[in-house]
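Just so it is clear, A, B, C, D and E label the chains in written order, and each chain counts residues from 1 on its own.
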Amino acid sequence: MISVHHYLLLSAILFCIGTFGVLTRKNAIVIFMCIEVMLNSVNLTFIALSRHVGNMDGQIFVFFVMTVAAAEAAVGLALMIAFFRNRESIDVDDFNMLKW
Amino acid sequence: MEAILFYLTALVAILAAFFVTKCRNPVNSALCLVTNFLCLAVLYVMLEAPFMAAIQIMVYAGAIMVLIVFVIMLLNLGTATKSVYTHGLLGGGVLSVLMLFLTNRFVANGQATGTGGEITSEVIQSYGHTELIGKAMFTDFLLPFEIASILLLVAIIGAVVLSKRKV
Amino acid sequence: MYNNLWLIPFFPLVGSIINGLLGKKIKNEKVIGGLGTLMMFFSFLVACQNFFGLRASEQKVFQESIGSWMSVGNLQIDWGFLLDPLSAVMILVVTGVGTLIHLYSIGYMHGEEGFYRFFSYLNLFACAMLFLVLGNNALVMFIGWEGVGLCSYLLIGYYFEKKSAGDAAKKAFVVNRIGDFGFLCGLLTLFWALGSKGVWTMNFIEIGENAHLLESGGVLITVVTLCFFLGACGKSAQLPLYTWLPDAMEGPTPVSALIHAATMVTAGVYMIGRMNVLFAMAPTTMMTIAFVGAATAIFAASIGFAQNDIKRVLAYSTVSQLGFMFMAMGVGAFTAGIFHLMTHAFFKACLFLGSGSVIHGMHHAYHHAHLDDDPQDMRNMGGLRKFMPITHWTYFISCLAIAGMPFFSGFFSKDEILWWTFASTRGSYVVYGIGAIAACMTAFYMFRSLFMTFYGEQKTDARAKDHIPESGLTITIPLMVLAGLATVGGLIGIPHAIDIFHVGNLFHDWLAPVFSQAQQLNVIEAHGSASVEIALMILSVLIGLAGIAGAFMMYMKNPEAPGKFTAKFPGLHKIVFNKWYVDELYDFLFVNPCKRIGTFLWRGFDVKVVDGVVNGVGWVAKGIGAGLKYTQSGYLHNYAVAMVVGVVVIVGYYVFG
Amino acid sequence: MADHLLSIMTFFPLLGMLFILFIPRDNDGLLKGFTLVVTLITFVISLPLAFNDVFTTSGGMHYKEFSEWINIDGFFQMNYNLGIDGISLWLVMLTTFIMPIAVLSTWKAVDKNTKGFMALLLLLETGMLGAFVSLDLFLFYIFWELMLIPMYFLIGIWGGKNRIYAAVKFFIYTAVGSLLMLVAIIFVYYYALQSGAPINGFGIQEFYMLDLPYNAQYWLFLAFGFSFAIKVPMFPLHTWLPDAHTEAPTAGSVILAAVLLKMGTYGYVRFAMPLFPDAVQTFIPLLATLSVVGIIYGSLVAMMQEDVKKLVAYSSVAHLGFVMLGIFAMNLQGMAGGIIQMINHGVSTGALFLIVGFIYERRHTRMISEFGGLAHKMPIFATIFLIITFSSIGLPGTNGFVGEFLALVGAFESGLRWYAVVATTGVIFAAVYMLWMYQRVMMGKITNPANENLSDLSVREIVVMMPLVLFVFWIGIAPNTFFEKMNPAVEQLLNQMNNNKVAVVEIQQPVVANLLETK
Amino acid sequence: MDANLVQEAMQNVNFQAIMPSLVLSVFGMVLLLVSVFSPRGKTTHVAWLSFIALIVTGFVSLNGWNNPQAGFAGSVVLDNFATFFSMTCLIAAGLTILMSDSYLQREGYPVGEYYPLILFTTAGAMWMASGTDLMTIFLGLEVLSVSLYVLAGFFRGQTRSNEAGLKYFFLGAFSTGFLLYGVALIYGVTGTTKIDGIAQFVQAMPDSTSNVMFIAGGMLLLTGFLFKVAAAPFHMWTPDVYQGAPTPITAFMSAGPKAAAFAAFIRVTIIGLESLQADITAVFWVLAVLTMTVGNFIALSQKDVKRMLAYSSISHAGYALVGLVAWNEIGVTGIMFYMLVYTFMNMGAFAVLVLVGKKGEENLTIDGLAGMGYKRPVLGIVLCIFLFSLMGMPPTAGFAGKFYIFAGAVKAGYIWLAVIGVLNSAVSLYYYLRVMVSMYFKDEGEDFAWVSMNTATAISIVIALAGVLVMGVIPGPFMEMAKLAGF
C-alpha cells in the first residue's frame, strides 16, 4: 500500500534535487526552473498531507503556491530580461557587480 | 497496481527533475520540467485531487512553462558555452545529499499526526473535489484568495514596468 | 602673651608678597631691599620678644593656633605654632642671621635685573623656614619643610638662564623630595601607629607625650625614625643625599649663606631635635644617624681638599659640619647638635658672606678688565688681604672658629660633640675617631682656602689685579657682626669641665626642658670625668692645629707641595677632585635607569604593548571584517549555499541531535 | 526656583546651545561672548549650592527633584531623579567654574567653525552636570554617554594632526566600558525587581540597600569598575588619554582633564563601591595595585615626553592614581582626600592645559625642545606656570598637597600601607618630570629665535588663570571650606557601605553558572 | 451553489479586520490608473497622492487601535500588534515616498507605477502583520516580496539594479521553498495552517514537540522568516540588494518589510510555536550572536555607505533577534519598539544619503562624504544624529530601543547574550564614527553633485528626526504603546 510517507519521501527527494539544481546551475532560467521543482515538491507534500489529514487547507495552499509561482515567474523573467538587455547574459556568475 | 503506478510515476518524476538540473540546453530542461509536472499531476489524481491535477497542468505546465520557454526563446539562449555548473558543483552536491538525508530522516521518522479531518474519500466522491476546493476557498480562505489577486496584479505591473523598453 | 607668634613668619610673607607683586613696578632697589630687610628685622624683634618672654616664663611650652587647616575625621590639623626653648633658639638664629643676610644682599645684589625677585624669594624663604621652625605639628612643619625646598629651588635657579643653575635647582628640589618621601612615610606611619593606639595626632607635643605608647626600640618606631631620618638626610645633605648641596652654590652667595649654610640645611637637625623623644626610643636609628653623620663628615671633608671653587669648598665644609651635627644627634647629644647648629650658622654664614665679598670684588675687577675668568676660582686669587682687609679678618676669625680653636664658638660646640661621641651611652669610639679626623681635615681645608685666597702672591690676571675693591658697608657690617658672633657665640655653652667662672652651660640649661626628658627616660648621657673631657679638648685643639699647620706647610711655606702631591697620587686626586664620582654613580644607578625605563615604558610598553593591544584588537576586528567580507562573494550560489548550510545545520541539529 | 535649581542649572547650557544655533555663524565675537555669558550664568546659578550650609549638617541628598519619566508597568521605570550631596557638590561646582574659563581660553584658539565649537561646549556642560546630579542609574547613563558625543567632535574637528585617531580611540574606548556597565545596570535593576526589594526606578539610593549576593556583585563590580577605570583612566586602560589630550583643543583638554576624568572616579564613589560593597573588598588589592602602578608608570612615562601636553596628560594618570588610592582606602580621610584630589586635579591640570594652550597659540608647537628661556620674555607667565607646576607637584600650601596627603593618610590607615609607601615615591617623580619640563621650557637662554618675540600673557589670559591660582591656594591653605561640606556625605556613604556588607563573606570564586541561574 | 454557502461565506467576512490594507489596496489600484493616465515623466502628483493614501490608511489603521477585529474565518486579525506594525510599515512607506520623487527624477526613472507598488508592498506587509493563518502570512509575504523584487530592480537600465533585483528574487524564491516546506510539514503534523490552531493542537498533543516532523517544519518555517529579516546565515542577499537597489527602496527594505517580517515572525514563534520555545531560543541565541557579529564586523571594512548600512541593518536584525531569544514580554515589545525606532533612524539616514548621492549612485562612498558637514551643516548634524541613534547613543531613540531589547534579554537571564550584544555595538561604533570622521574631520574632498534640497525629502528627514529625538527623550508613551500592542 502506498502510504503518505511514500509521497512525502518522493517530494523530499524532488525537493533536494531542486535544491541541487539551484546550488549548482549557472543558467538563471534553469535555476528558476529548479526552484519550480522545489515548489512542486512542496505542493506534492501538501496534497499528500491534505489527503492524509483530511481537510482541504493543504490543497488550497497549493492553489496559492501556484499563483505565487506564476507571479514570481512573471516578475523573475521580467527581471532576467532586463538584465539580459544590459549584460547579454543570464549566467548567474555574471551577477557579480555587487559584492564584498 | 496503485503501487506500480506510483513507483513508476515517482521514478519518472525524479528522473525528470534530475534532468532539469542536468541538461545543457535550457529548453531541454524546460521539457523535463514539464514532464515532472505531468508526473505530479498523475500523483495528484492518485491522491484524489483531480482539480489540482487539472490546474497543475493548466497553470503550471500550460502557463508558467510556456512563459519560461517563451523567455528562453526570446533571449535566444542556446546551449551554454562553458560548463553548465558553477564552481560549486561538488559543494552543492554534497549539501544536497545531506539535505536528502535530513529530509528523509524527518519524513520517515516524523508522524503526520494531524489526521481526523472530515474530508474522506467518500466525501470527495459524493461532493466532488472541485466543489470542495471552491467551498473552502470562498469561505475559509476568501482573504488569501483576494490577496492572491493583488499578488497577480503586482506581478503584472512589475512585469510591465521591468520589461518596458523606454520610460 | 605669645599670641603674636604668627607674626614672625607673617612679616616676611608680607614682604615677599609685596616685593613679588609690586617689585617690578617699584624698581627702586633701596625700597625693595629695605622692605625685605625691615620685614626680617621686625620678625627678629618679635622673635626676640618671644624669646625673652619665654625666658622669663615658668612654662616652657606655648602653643598657638590661628585656625584649622584640615579637619577630616580624626585627622585634625591646625595652623598651629609652638614656642619652646628649641624653637625660640631657632627663630632667633633664623631671623637674626636672616636679617643680616638680607642687609648684605642689598649690597651684593646691587644692579641685578631680578633684584625684586630675589628679595621676594628670600623673604618667602624666611617665612617658610619660620613655619618649619615654629610649626606645632608635623604638617605645618612639613609646609615649611617643603617651602624652604621651594625657595631653595627658586633661589638656586635665580640665574635661570644658566643651565647649570637650572639643573642645580632641579636637583636640589628632587633630592629634597626623596627626603620628603621619607618624611611623609615616617609621618604617615607614625600617625597610623599612634592612631591605632587611640591617639590620632600630628602635634609634636602630643606625639612626645604619647610616644610611650609605642614599643621602645621596636620595629615600628625604628621604621618611623629611619623614615624621618631619610627626610633629614635629604634636607641636611647627608650621605647619600648630599649631592645637591655643592651644586646649590649656583645660587647667589647670600643664598648660599642663608639657606645652604645657616638655616635650611640645618632643618634636618632641628627636626630630629624636635622629635627627640621618638629618636631616643630607637637606638638603631640613633646609631645609624651617628654613623651616617660621621661618614658624611669625613667624606665631605675629603672632597673639600681638592676643590678650587671657593664656594664649593665651603659647601663641602657645610656638608661635613652637618655631619658633625648628626653625629651629635645620633649619640644623643641633642643639645650639642643644636648648639653646633647655631655656632655653625654664625661662622659659616660669615664664611660664605666673606667668600661672597671676595667674589663680588673679583667679579668687579674682572668686569672692569673685561675678562671672563671665573671669579670663584681660588687659583686666581691670593694675597687678597691687602685689598679687602675686613673681609679677610672676618674670614680668618670664622676659619678659626670652624677649626675649633679655643674660645671661638666652634670650639665649644665641636668639642662637646666629640666629647659626647666619646662618652655617651649611645656613643662609639669609632664615631669619635672619625669625628676627630674630620675635624683635622676641616681645619686643613678651611685654612687651605684661607691661604689660597688671602695669602701668598696674587695670581689674578694682571689686568684685573689692581681693581679689587673692598666691599661696601651693607656687606661688611653683616660680616663683622657675624664674625663677632662666631667669636663669642660659643660662650653660652661652656662645657662643665672648663667652666671656671661657673656661669654654667647656659645653652644646655635653656634646652633642657626639651631634651632632658627623653634623655633621662632612655638613659642617654655622657659619663666621664672632667679630666678626660679636658684631655679630649686639648687633643682636639691639637688636631685642629695639626690641620692648620698642614695647610700652612702645603700652601704657604711650600706652594709646590700640592702639585707634587697630586703628581704623586694622580688617581687619588682625580677621584677626590671629581667628588668620588658620586654624581656619576647616581646617574648610573638611578637617573639613567629611570630615563631608560621611562622611555621603555612609553615607547615600548605604552605605545607597543598597551596601544598595541588596543589597536591590535581594532586591527584584528577590522581584519576579521575584511576577511569575512569575502564570504560575500557576489555569487548567487555562495549565498544559496550559505542558506542551505544554515538550514541543514539548524534543522539537522534537531533532527539528528 | 530652589526646588528646581539642579534642573535649571543642568539644562541652562542646553538652552543656550539652542540659542546659539540661531546666531549667525560668522559672528565669532557674539558666539563666544554669548557662550561665556551662558556659562557664567550657569556658574551663578550653581553658586547657591556652594553656600548652602545644609551640606555641612547632613550628608544626604539635597535639592532633590523627582518625577516619573518612563514607567512601563511591569517592565521598568525610569525616573527623572536628581539630587546633590557633599560629594557631587564640589564636582558640580568645579564644572560650572571651569566652563567659563574654558570658554575664555578659546578666544583666540578657535577660529574655525566657532558656532559648532560653542554649541558643543554647552552640550558638554549639560552632560557633565547631569551626570553629577543624577540619582537614577539610567539617567546617569544617559548623561554619561551624552558627554562622549561633544567631546568626540571637539577632539575630532578642532584637534591636532592626529585628531581622528585620537577622537575615535577616545570614543570607542570609553563606549566599550560604558556599554558593559549598561548591561550591569539592567541586571541590577531586574535583580532588585525580582527580589522584591523596594526600589524606585533605577534610583541608586534604593539600590544601595540591596542585598546582592556576592557572586553577582563580583561581576557587576567588574562591569562598573571596568567602565569607570577606563574613564579614570587607570593603568593599563589609559592609553586613550594621552592621545585625546594631546590632540584636543585647549578648551577640550581642560574640560577633559578637569571634569571628564572625574566621571570615572566619581563613578566609583557614587556607584561602583556603595552598590557592591562586598565585591569592592575583593577588588581593592587589584585596584590599589593598578592605582599605584599608574602613579609610578604615569610619572616615569611623563618624564620622558617630548610634548608638553602629552607630559601633562601622563601626569594625569599619576594624579588620578592618588585619587583612586585614596578612594579605595575606604575611610573618611582617604575618600575625602580622593575627592578633594579630584578637584585639585581639575584645577591644576586644567590650568596646565591652559598654559600649554597659551604657548601653543603663540608658537604653534608643543615640543619641549622648541622652547627654552621663555621666562625672560614672559615673566608673568613664568610665575603662574611655576605656581601651577608646584601645585601639580603637590607642594604643601597648594591644593595638590592636601589631596595627596589625605589620600595617603587614608591609605595608611586602611590596609593599603605598602601601596601607600610605593605611591609616595610618586611625589619624587612628580617633582622630577614637572621641574624638568619647567626647566626646559622656561629656564635657560633663549636658543630658538622664534621665541624671541613672544609676548607675555594678555589681560584675558591672566583673568583666565587667576581664579585657578586662587583656588590653588584656597584649597591648599583652607581646605576646610570644602571638607566641611564633603565630610558628612562621605561619612554617610561609608556607613552605608559598611552597614550594607553581607556580614563576613567568604571570598569565593564566583561561578558564572550561578549568575546565569538567576534566570 | 446553494444560498447558505454564500451566506456562510459572507459571515466570515469582516471588512473591519482588513480595512487598512483594503483602503491601501484600493488606493493602489486607483493610483495605478492615475499614473497610467498621467503624462509621461510626471509623477509628482502620484507621489503626493500616494502619500495622502498612506496618511488616510494610517488614520484608518489607528481606528483599529484597542479595537481588535477578527475575520475571514480566522485568517486575519486586526489587533494592536498588527496595528503597531502596520503603522511602522506605513511610516516607512511614507518616508520612502517622500524621498523618492526627486530621486526618481534625478535618476531618470519617473515612473508612476513605482508608487502603487510601494502601496501594495505596504499592504502585503500589513497582511503579514495581521495574518493569523500561515496562508495569509505567506501571501502577504509574497505580495511584499514580489513588489520588492520589482522595486529593487526598478532601474532596469542599471545593471546594478538588475542584479539586485535578480539576487533578491532568486534567493527570495529559494527561501520561499523552504518556508513552504516548513508550512507543509507543520500542516501535516497539526492538520491546520492557522497559528492558534497549531498552538491548540500541540497543547492537546504535547508529544508533538518531540515529533521531528514538527520540529523540522518549525525550523524550516523560521528560516523563511530569518531570510526576510536578514539573519545570518540567511543574510547574504542583504548587502548586494541594498547596495544595488534604488536608495529609497533600500531604505524601505531595511525598515518596513523587516518590521513586517518580524511581526509575522513573532506571531508565528511566540503563539504558534510556543511549544518549541526551548529549541527556538537555543537556535536564535546562536543566530543572534552570529548575525550581529557578521553584520558588524563586515561593516567595518566597507567603503560604500549604502553597503555599510546594509551590514549595519544585518547587525540590527541581530539585536532584534535578541529580543526574540528573551521570549518575554519585554523582549517582544522591545522588538516592536526597536523596529519603530529603526524605521525612523535608518530611513532618516538614507534620506540624507538620497540627497547627497550623485546621479547613478555609482559610488556613495564614505570618503566621498568628506567635508559634507561643512558644506551642508544642517544635513550633517542631522545625519550625525541618525548615526548616533544607530549606534545607540543616548538620548536618541536608538538607545531606548537597544536598552529595551537588552533589558528583555537580561531579565530573561541571557546576560552573556546581552554582553555580546553590547560589545557588538561597541564594534559598530567604529564604522558609524567613520562616516562622521569623513564628514567633519577630513578636509573637503571632491565636490558633491548636490541635489537641491526639496520639500518632500526635507519633510521626510524632519519626520525621521522628530521621531528619533522624541522617542529618545520621551520614549515612555511609545514603549507603552508597544507594550499594549505586544502579547
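Things to note:
In the analysis below, contacts are C-beta pairs under 8 Å (C-beta built on N, C-alpha and C of every residue); 3 or more make two chains touch, one makes a residue touch a chain.
Remember, predicted model here, so these are calculated numbers, not experimental data.
Touching chain A and chain E together: B, C.
Shared contact partners of chain A and chain D, listed by label: C, E.
Taking the mean of C-alpha positions as each chain's centre, the chain lying farthest from the centre of chain C is B.
Counting C-beta pairs in contact, the chain pair with the highest total is A-B. Summarising the inter-chain layout, the chain whose CA centre lies farthest from the centre of chain D is B. When chain centres are taken as C-alpha averages, the shortest distance to the whole-protein C-alpha average belongs to D.
Distance from the chain B centre to the chain E centre is 30 Å, each centre being the mean of its Cα atoms.
Rounded to whole angstrom units, the spacing between the C-alpha centres of chain A and chain B is 7. Separating the CA-averaged centres of chain D and chain E is a span of 42 Å. Computed centre separation for the pair chain B/chain D is 69 angstrom, with centres defined by C-alpha atoms.
Within chain D, the positions touching two or more other chains are listed as 172. Looking at chain C, residues 618, 629, 632, 634-638, 640-641, 644-645, 647, 651, 655 sit in touch with two or more other chains. In chain E, the residues that touch at least two other chains are 135, 139, 142, 146, 149-150, 153, 156, 165-167, 170, 174, 185, 187-188, 191-192, 212, 215-216, 239-240, 430.
Pairwise, the chains that make contact are A-B, A-C, A-E, B-C, B-E, C-D, C-E, D-E. Put simply, chain B touches chain A in their complex at residues 2-3, 6, 10, 13-14, 17-18, 20-21, 23, 26, 29-30, 33, 36-37, 40, 43-44, 46-49, 51-52, 55-56, 59-60, 63-64, 67-68, 71-72, 74-75, 77, 80, 82-86, 88-89, 91-93, 95-97, 99-100, 103-104, 107-108, 112, 114-120, 132-133, 135-137, 140-141, 144-145, 148, 151-152, 154-156, 158-163.
Against chain E, the residues of chain B that register as touching in their complex are 102, 105-107, 109-117, 131, 134-135, 138-144, 147-148, 150-151, 153-155, 157-158, 160-164, 167. For chain A in complex with chain E, the residues that touch the partner chain are 4, 8, 15, 18-19, 22, 28, 31-32, 35, 38-39, 41-42, 45-46, 49-50, 52-55, 57-58, 60-61, 64-65, 68, 71-72, 75-76, 78-80, 82-83, 85-87, 92, 95-99.
Across the complex, chain C is touched by residues 86-88, 91-92, 95-96, 98-99, 102, 105-106, 109 of chain B. Interface residues of chain C, counted against chain D in their complex, comprise 20, 24, 67-75, 139, 142-143, 145-147, 150, 153, 157, 160-163, 165-167, 169-170, 173-174, 177-178, 180-181, 184-185, 188-189, 191-192, 195, 594-595, 597-599, 601-602, 606, 610-611, 614, 618.
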